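Structures incoming, each one as structure tokens.
You will see subunit A twice below: alongside subunit B first, and alongside subunit C after that.
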Partner chain A sequence: MSAETAGPETLGSLSDEPQQDPNSQQAKEISGKSPLRIALGRLARDKIAVVCAVVVLFFVICAMFAGTISDLFGVSLETPLASERVDGLNNGLPKPEMGPPVGPFTWEHPMGVAPRTGEDNLAYWLHGCRVSLLIAFTATLIASVVGVVIGLLAGFLGGAVDKVLSFFIDMFLTIPFLLAALTLAPILNERFNTSPDYPTIQKFSLVMVLAMFGWMGTARLIRGEVLALREREFVQAARVMGMPTSRILFKELLPNLAAPIIISVSLMLPAFVALEAGLAYLGIGVTDGVSWGQTILKAATPTYFREYPQYLWQPLLGIVALVLSLNLLGDAVRDALDPKTRR
Partner chain B sequence: MTQDPNARAEVEPTAVGANAAEAGERRLGDDVSDAYGSHEVNVGDLDFHIVAEHGHTASELDPDAPAVLTVDNLKMYFPVKSSGVVRRTIGHVQAVDGISFEVPKGGSLGLVGESGCGKSTTGRLITRLYKPTGGSMMFDGKDLAKLSNREMKPLRRDVQMIFQDPYTSLNPRHTVGTIVGAPLEVHNVVPKDKVLPRVQELLEIVGLNPEHYNRYPNEFSGGQRQRIGIARALTLNPKVLVADEPVSALDVSIQAQVINLLQDIQSEFDVAFLFIAHDLAIVRHFCPEIAVMYLGKIVEIGDRETIYSHPHHPYTQALLSAVPDVKQAAVGGRRERIRLEGDVPSPINPPSGCRFRTRCQFAQEICAKVEPPLLQIGKRHKVACHFAGELGAHPATPVTTELLGVDDQGSPVPGATPSNTQLTIPGYEKTWYDLRTKQTTGV
Partner chain C sequence: MFAYVVKRLISGVLVVTLVSMGIFLLFWFGPSSPAQPICDRETSNRCGDRIEIYEETLGYNNPVYEEYGKFVQGVFVGRTLTIASSEYECPAPCLGVSYRTKQPVKEELVSRMPATFSVAIGGAFLYLLFGVPIGVAAARRRGTVADKALVSSFLFISSIPYYLFALLTWLYLTITFEVPLFSDTGYFSIGENGPFKWFSGLFLAWVALGIFGCTQYTRFTRGAMVEALSEDYIRTAKAKGLPARKIVYKHGLRAALVPVVTIFGIDFGTLLAGTIFTERIFEIQGIGWWALEAVQGKDLPVVMATALFSAVVLIISNLLVDVVYSVLDPRVRLS
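So, the complex of A and B:
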């Protein structure tokens, strides 16, 4: 059987390949491919990953240009005179000229208006997306930086430093997140609700709460990874050449931690998006401002769900699409970075 | 890999093949078939092949070379901690227990022994990856054992290391240029724009394409990666290179190339090597001087000729008998294989007296009671054994009794004073203790 496969055709096609002289000009221009670039190439061939990346990109653009897009559609966040847009006698549902569910679709309010207040849904959806992503990205950034630094130090320095830092990791893991968030909300509310920057303070404290309870996973992951890496001979080679510890940590080890860092970020981002909406729904996230969770809270009544289900579906679909595509993208990135799952 | 007897048997023919290939033709004459035997070049018969051959014959010993590194009574004990909340030290792994040797300038000392005998620990002590428990390592007038990490930094330029595994010794996320140029940046020896020319020069020295500086290690083969590791070690022009089993992770056909490269580097840059290996054939080729270690101690040290032809320590003899001999296999002859019984004892609780006595066929009462000194018994030959002698000619009575002032059973003789005038210095003395006459002689 092998004699047939290795026939003259096969050999011919092999020898037809242009012989490349390693010293030729062409060979010189080939620059090295880093492991990260190989992973990116693999990612680009993954169809699900590309679709998810496009979806995430769509949400990012919506968030970044929320104001511009609102202006483009001629909608805004400002609270109108409610009686102009909603029918107070019909459970506060929108008037027929405001579009669905009562009237036909209108470009003036592409996603309709909110019942009772008559606020434009599209503008609220876009700005809610912005708040969601802003909070999730900031919290992820803070949590991963804290987690990476603590994991690096604990793993590399070992000994007493490792013991103390590991104790802190375990301690934070024991605190129930929801309980802590529920406890913090009234305290912050009491303290700052008269402040003019209350919405900003609320967002800031939400980011802090999310980050405070999000860094431990990353820290543990990085610590374990560093424990394995520091026994590798290239770290010892760096020591033999007299490299300072900080340089070993950030120049030698950190590039090798790209995979676990990207993985933990890809897990944290969707989790924080979902958590932000969840907390807003519970009334302890962004309560004084625009948020998907707030919209869901308002929409989740039996009357509205029966008469005006789009009002609930709009923010819900946003969250589901964003979280799902972030999760799948994270999965694909993880596969692309892991040399053991090469296909 | 090298523990596979078949693999080791292949080294010799392959080494010849590589040399002959460089000479342009494969000759299978008598003088070529033994890559280690033919050092002499007949001046009358000076043709290209023989000259080319001469480039990679076994390294010669320069007996008058001054020592560049002097290790004296070096000790490394790793603490063993108990489990539980309060982790007390309950013992020590005596990985290296009082070894002394000299590495001559531009020469190379081979360190052989079985796994776990402390070879690699010794290498790591010299490069100060560990801080020794005791002893001294004199280099350039400074004791490396006593320096703090900060004081050590300028000296790190002179003491570099080649690692065993080329797959883990290069950072997979750095380009070759970054890896080889890192020592220059760490020590700030050249301005930033001069780093690249130096990197390319080094890549050329180790036989890689200098244009490949922006490639990543995963694009190179094992042998090429080891060359990158060698280039990195050479970057700062070191005076001493610790080579920790530099070829044991490589394919046998590549081992010869890397060894030849190391020889070229040694002759060109006058680097002294501490060559740690367990492949006796490679050590024989590369090192004119060899130290045999067993359980943290040097049991025999001497020049190549003595160690390989006239070993006096039972352990060295057993070690050499384990090397398969291609010539004898060809004629169908069989040598006597010395089989060591049992396992290597734990270095946490080594045997009293001579550490090899638990596996030694000549062991007697004295071996358990008195530790044999590392006695100089030849011009460049030291051995630590009460019954030192050539294979089949071990003396029936201990040879060290008079020196140590003990009787044949190892009990101290009342009134007898130890007449051992030899100081255990790292190098060799002018006089030595002759085993036949039991007198101190010197020629």
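So, the complex of A and C:
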């Protein structure tokens, strides 16, 4: 029996809404949207967020295809014979045929070459971008996992577990990050500095140091959320049904924590990008030269800066653009996820 | 209140103990011998087998808990340290003897304090001096173009990593434009060089810290002020015809400043604990600079001392902030 033939006394036509096929276009439009989809929709309408996302995407592409892009431009990380490219008599600044600051622009070295060593700036910039993003992403991932697990356990189990975990959260918050990194990084590095994989190990230990002092914020945030969530009916129902704790934690609670996790990731990523370069600048992060912070350290000497400011500005703009767009994108994501600002 | 403070102090002592143990263990079980750098230095890189003597006298052959016990004992009653064939007297709060300078670490720490404290006090003063009035002004002009421009430009500045901001300030003002006042940055003690030299050496560091840090204070003050100005008692004050200045500064700002004071306390503590980037960039020989040097020279006692010093400063400042907060805001009860 179709809707048109139903009499006025049937339940189907009690409402004013026209009858419709549940699979029609209209039915799909009024179908429920998950909070994440609503947030994504709001993000797509936010112009600043879209621009920032494009900038971040640009850096991600540079990082992923650093090798390929270098090859396209015909540049590489190899250390050349310095005397071919730089002028030892002129403070080690590049020769005129190497492009700015002495000569005109050349496609052979689109971003010029480094003073003293003559290494190609573009190749170092691209690989520095890769190092920066790789370290920031891995550290964020590890810190998030640790923070979420500790926050879940502290919030859900409560009691003594919560007390101990909260004490550790507070203790790590009291330790000043820079000093800790200062102490830890050289010790971790010392062990392996004869190993052939030294650069890799150094990056790994840097990731560990960053993650070790990055998880507390997430843990606190998650713990607070879990404290509120664990009293909700669906968690009690799961308990009554006899679900094991691990299942309640990861199947029931975790999906409800998507928003705070995304928020803490959005705060961590730009902070880690900035810290990676900062530590490299202090000489305690990446020390094999392929890092924006290392380039800044080399470029920030009075002589080079006076004669060759681009050398400093290239990595500096990279960091600023990446950190700025990650920060603004994070702001936009937080706004989009916040039900209070829903328009 | 008293019980709360005691409780916090006990947990603070616990944290300091754990931190010191952590550093001790790190160096102990660290991969390279902590005695290697000092041995290399004293034998002009012909250390070889003599490393044994250094390890033995510095106590690296004893169990770690024994040495940690000696360290703790030194902190309370002082001790005499032996490095190779020389003995070093280290009185009461003994944090060890620097492996590089052979001076008691505590004395050097004290001698480095004025530089870091000068940076911290000046910078923190500028946080408030710039931050609060600009925040109040923005809150009073809320929603206008000026307010929006200010808020977004400050958001922009605070998104730049601080060390890059400070580095650019130094490079442009000192190196490129050679502004006379900023030409010689660094710490010059008032006693030896006079107040002007002291002031001009630190001025640029203060400005960089102040401008960068004040963005945060502007944001907080503006937010708190906007909230305070929409309260009923402000409307009452307006209704009874008080002058606008009085309403804003006496009634509004007083309420708005409470959260700002809290954040200020924490930030000031962080600054006192060591301003590594500022000291590195502006060549100020303070605690942060010292820590950096010590790490590069693997000077265990100095690394230990700087880390402990900053942990203690942070714990005390956090505690003070909580106590002050409960005094400022009677609704907060410490328990």
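The criterion applied here is as follows: the second predicted complex is superposed on the first by the 307 of 343 C-alpha atoms of A that agree within 3 Å, B and C clash if a C-alpha of one lies under 4 Å from a C-alpha of the other, contacts with A are read in each partner's own complex, and residues count from 1 in each chain.
Definition applied: contacts are C-beta pairs under 8 Å (C-beta built on N, C-alpha and C of every residue); 3 or more make two chains touch, one makes a residue touch a chain.
Since the structure is predicted, the reported quantities are computational estimates derived from the model, not experimental observations.
With the two structures aligned on subunit A, subunit B fits next to subunit C without clashing.
In the superposition on chain A, no contact is made by A:250 with either subunit B or subunit C.
Of the two partner chains, subunit B is the only one that A:232 touches; subunit C does not reach it. Taking subunit A as the reference chain, the count of touched residues is higher for C when subunit B and subunit C are set side by side. When the two complexes are overlaid on their common chain A, residue A:105 makes contact with neither subunit B nor subunit C. When the shared chain is aligned, subunit C comes close enough to touch A:305, but subunit B does not. For the pair subunit B and subunit C, the model built by superposing on chain A gives 8 Å as the shortest CA-CA distance.
Against subunit A, the residues of subunit C that register as touching in their complex are 11, 15, 18-19, 23, 26-27, 30-32, 156, 159-161, 163-164, 167-168, 171, 175-176, 270, 273-274, 276-277, 280, 288, 291-292, 295-296, 298, 303, 306-307, 310-311, 314-315, 318. By the touch rule above, subunit A contacts subunit B in their complex via residues 22-23, 27-28, 31-36, 232-234, 236-244, 247, 252, 255-256, 258. Taken in their complex, subunit B has these residues touching subunit A: 124, 127, 129, 152-153, 156-157, 159-161, 163-165, 168-176, 182-183, 186-187, 209, 211-212, 214-216, 218-219, 229, 232, 236.
Of all residues in subunit A, those touching subunit C in their complex are 167, 170-171, 174-176, 178-180, 182-184, 186-187, 190-192, 270, 274, 277-278, 281-284, 296, 300, 302, 305-306, 312, 316, 319-320, 323-324, 327-328.
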